[in-house]
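One chain, chain A, links the two complexes that follow: it is found with chain B in the first and with chain C in the second.
Here is the complex of A and B:
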């Protein structure tokens, strides 16, 4: 899993590439939490090919940490297989998830 | 068909186990959504065995029950006897983020995705069986 900051001005865009599974979820979570600043943050997921339950837990911990610090985090552009798991577990409603590119309007 | 293939019960062998299982799944399922769902289930079951059973080995079988058009997995370990299907924690998928619990997601996923799950212990080994009818 690679975590890359693609943009960092009035908003921050973090792009993920790889799988968020039991082997990568802790580091992915820590890497993203360390990148959070007090600005809207979009986590781009079109290159995330797989999310297991440990990956879901990482996404939840990131969102909880961000919320506690007053940071709005949006998960964007997940592929259908990942959206499916997010839907099944209610994460799609609980987290702020969007299919398109919301930063274009910010 | 994967018949009672043995793997060391260690996280570093998980990718190898999942590759074998996913290969079997792809023989019968073509929809990426279902391939992904079944892989998620297999990972959950295997991680629980690796992390909590204390077993040194995992034995994995996978076959297709033609009459029932059902894919059948069996996971066997030699660890502490434990039925993961008992005492399943409640997962409220409509809960708000602030009250959402971290735990219980794995078993919730595989109980939701699989059509049938069975557990028995035999010769001091845990046997977890999972069934998914073709969709």
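Here is the complex of A and C:
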């Protein structure tokens, strides 16, 4: 799993690449939380191929940490298989997810 | 850093240490996983580790001698990838069948406390029977973001139970949901349940079972163990019911279903099967209990064979202290970690049998469940009989806590509604809370779960569409399923070329049943789909039918809107009247809370030919005003005029329900009644009147 900051001006865009599973979830979570600043943050997901149970928890904890600091985090462009997992387990209701590229309007 | 969570030994490449002996099953601890297992007779035990779905284990770790305290083995193994891990145990000791010891060190066994079980991850996917370890324990993450949710605290008096099968509820294309036949699909239907107004969803078994147990092919149709009354593991939600089962995320998916039900004010009750397991008798497979500690977990004959009080091959030894703990731990687990609100116990009479099979006066298990602190507000419902002939309706050891499926309610109502003679006075008792069976002083207000249909038997539509069961598709030559259905086809068997007047009568009969059920004192239970006339084509035992026979056909909801609207209105009616829920705070002066009437007010007709029952409920509304409800039932094939009981001077009768009026059976606006005349109740019709201020 790689975590890359693609843009950092009025908004921050963080791109993820790989699987978020038991081997990567703790580090992914910590890396992203360390990157959070007081600005809208978009986490790009199109290259995330799989999110496991521990991965779901990482995504949720990022969102919760951000919320507690007043930062809006949006998960964008997840592939259908990942969206399905988020829907089946209900985690999607606790995350802000969008199918498209919201930064185009920001 | 805790000093008891670092490795003390190595075994091959694995770092290990003695584990948490007081735990059961597996727990994730910092850096590792704790494995604990009990066996009273085992001499040695091995932990067998597999990577997901692989045929051969990647490690077999014997529990060292110092990893055992008496009968408990416990070990922490460090640095395991718990998401990609399946595990089991191999237990070795002497084989001695007459003594009940059937240990086999070659069998890899499921953890009795497994919280996730893999092997049947996707419903109906053909298993690879050549694998010798079919049902595999997995490690579960217990954390979940409940967003403040807890089991609901609303009174049991407000229960209106809706009994449904997870898969059958949404599997049919007509359900219109995305994740058909799953927990997630059921969750998508919550707005429907909310609109109907039910307050509790009762699910047929969701503990892991094998749909391929006893699978057959009849006339080209695959028959499966569709209902699932055959538990493989008590702590694991059925993976094949989860859309996410292939990712082993069924725990999260099920919890999210519970959370969303609770957010919509709907409780969840699980139908739990503790009377037997899927291991069958001496010819059945080794899955878990049999190979770990046969004589602890099963009731055995003096020569080592299995007692069969369940009719399913074996009988769980429920009042053995170890098994009792397992059951108690299981229920506590479902309440504490899944927020489940209650349980319905299948063949619950077995739970009161002694270790030799005899019924007990004060069964420790049932007493423990009744007084357990975690279960203290849980709904406990017994199916108060078993297949060994123990029938305890009304006498189930209850400690003032347990409710029962009231089989008498079902049978008396069915027979009365179809027009049998001699039942009017029984039906008056049933409607009034069956106090002849359930003494209110001992049993409380919620002992009787009233139902006319349940998963076992005809649907409500079929009850009035078939005189005889039509179980040919089950492949037993029509020998399976009950014959005491007390059904009546309204003059036309089945649906082929159905005349309109017969269809009309059937809808009226369904509304009669619904009107009585939802005004009766006790907890009403509705079978899913009855509210829109779902049919099983006359099959009264579709336990094996994973197809359109069992699946709800949601097209019927559109076709039978009159039925749905009627159920919905009746449910709302019940909720408006505390007197029907034993929640009334007082009684109007000069009236008993419940009284029975004949065609003449205050004069019940006890003659066997009488088929007219009038029940007057008198109580207070939620805002403290006098409330009167008159339920008039005419099960005769001719109409009868009845005098309604006189009301206090400031009130007059109005009719709200008359099932003789077809689509308009539930009035949009109640209609006034001329109290100087008899009210004529149509043939095979039910009326409900309420009092209105003048």
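Assorted remarks:
What we mean here is this: the second predicted complex is superposed on the first by the 106 of 106 C-alpha atoms of A that agree within 3 Å, B and C clash if a C-alpha of one lies under 4 Å from a C-alpha of the other, contacts with A are read in each partner's own complex, and residues count from 1 in each chain.
Everything that follows uses one rule, which is that a contact is a pair of C-beta atoms (placed from the backbone, for glycine too) under 8 Å apart; a residue touches a chain by one contact, two chains touch by 3 or more.
Only a predicted model underlies this, so the values are computations on that prediction, with no experimental measurement involved.
On the superposed chain A, the two partners chain B and chain C do not both fit; they clash.
Contact with chain B, but none with chain C, is seen for A:80 once the two complexes are overlaid on the shared chain. By the touch criterion defined above, A:94 reaches both chain B and chain C.
By the touch criterion stated above, A:47 is placed in contact with neither chain B nor chain C. Shared-chain residue A:67: touches chain B; no touch with chain C.
For chain A, the partner that touches more of its residues is B, with chain B and chain C as the two candidates. Residue contacts after overlaying the shared chain place A:56 against chain B and chain C alike.
Once both structures are laid onto chain A, the chain C stretch out of 77-85, 221-229 or 617-625 that overlaps chain B is 77-85. Common to the chain B-facing and chain C-facing surfaces of chain A are residues 21-23, 52-54, 56-57, 60, 84-85, 88-90, 94. On the chain A side of its complex with chain B, the touching residues are 21-23, 50, 52-54, 56-57, 60-61, 63-64, 67, 80-81, 84-85, 88-90, 93-95. Against chain A, in their complex, chain B makes its touches with residues 11, 14-15, 32-33, 36-37, 39-40, 43-44, 47, 91-98, 100, 102, 105-106, 108-109, 112-113. Chain contact summary for the complex, chain A toward chain C: residues 21-23, 52-54, 56-57, 60, 84-85, 87-91, 94. Chain C meets chain A in the complex at residues 81-84, 141, 143, 145, 147, 178-179, 182, 184, 187, 242-244, 247-249, 251-253, 255-257, 259-260.
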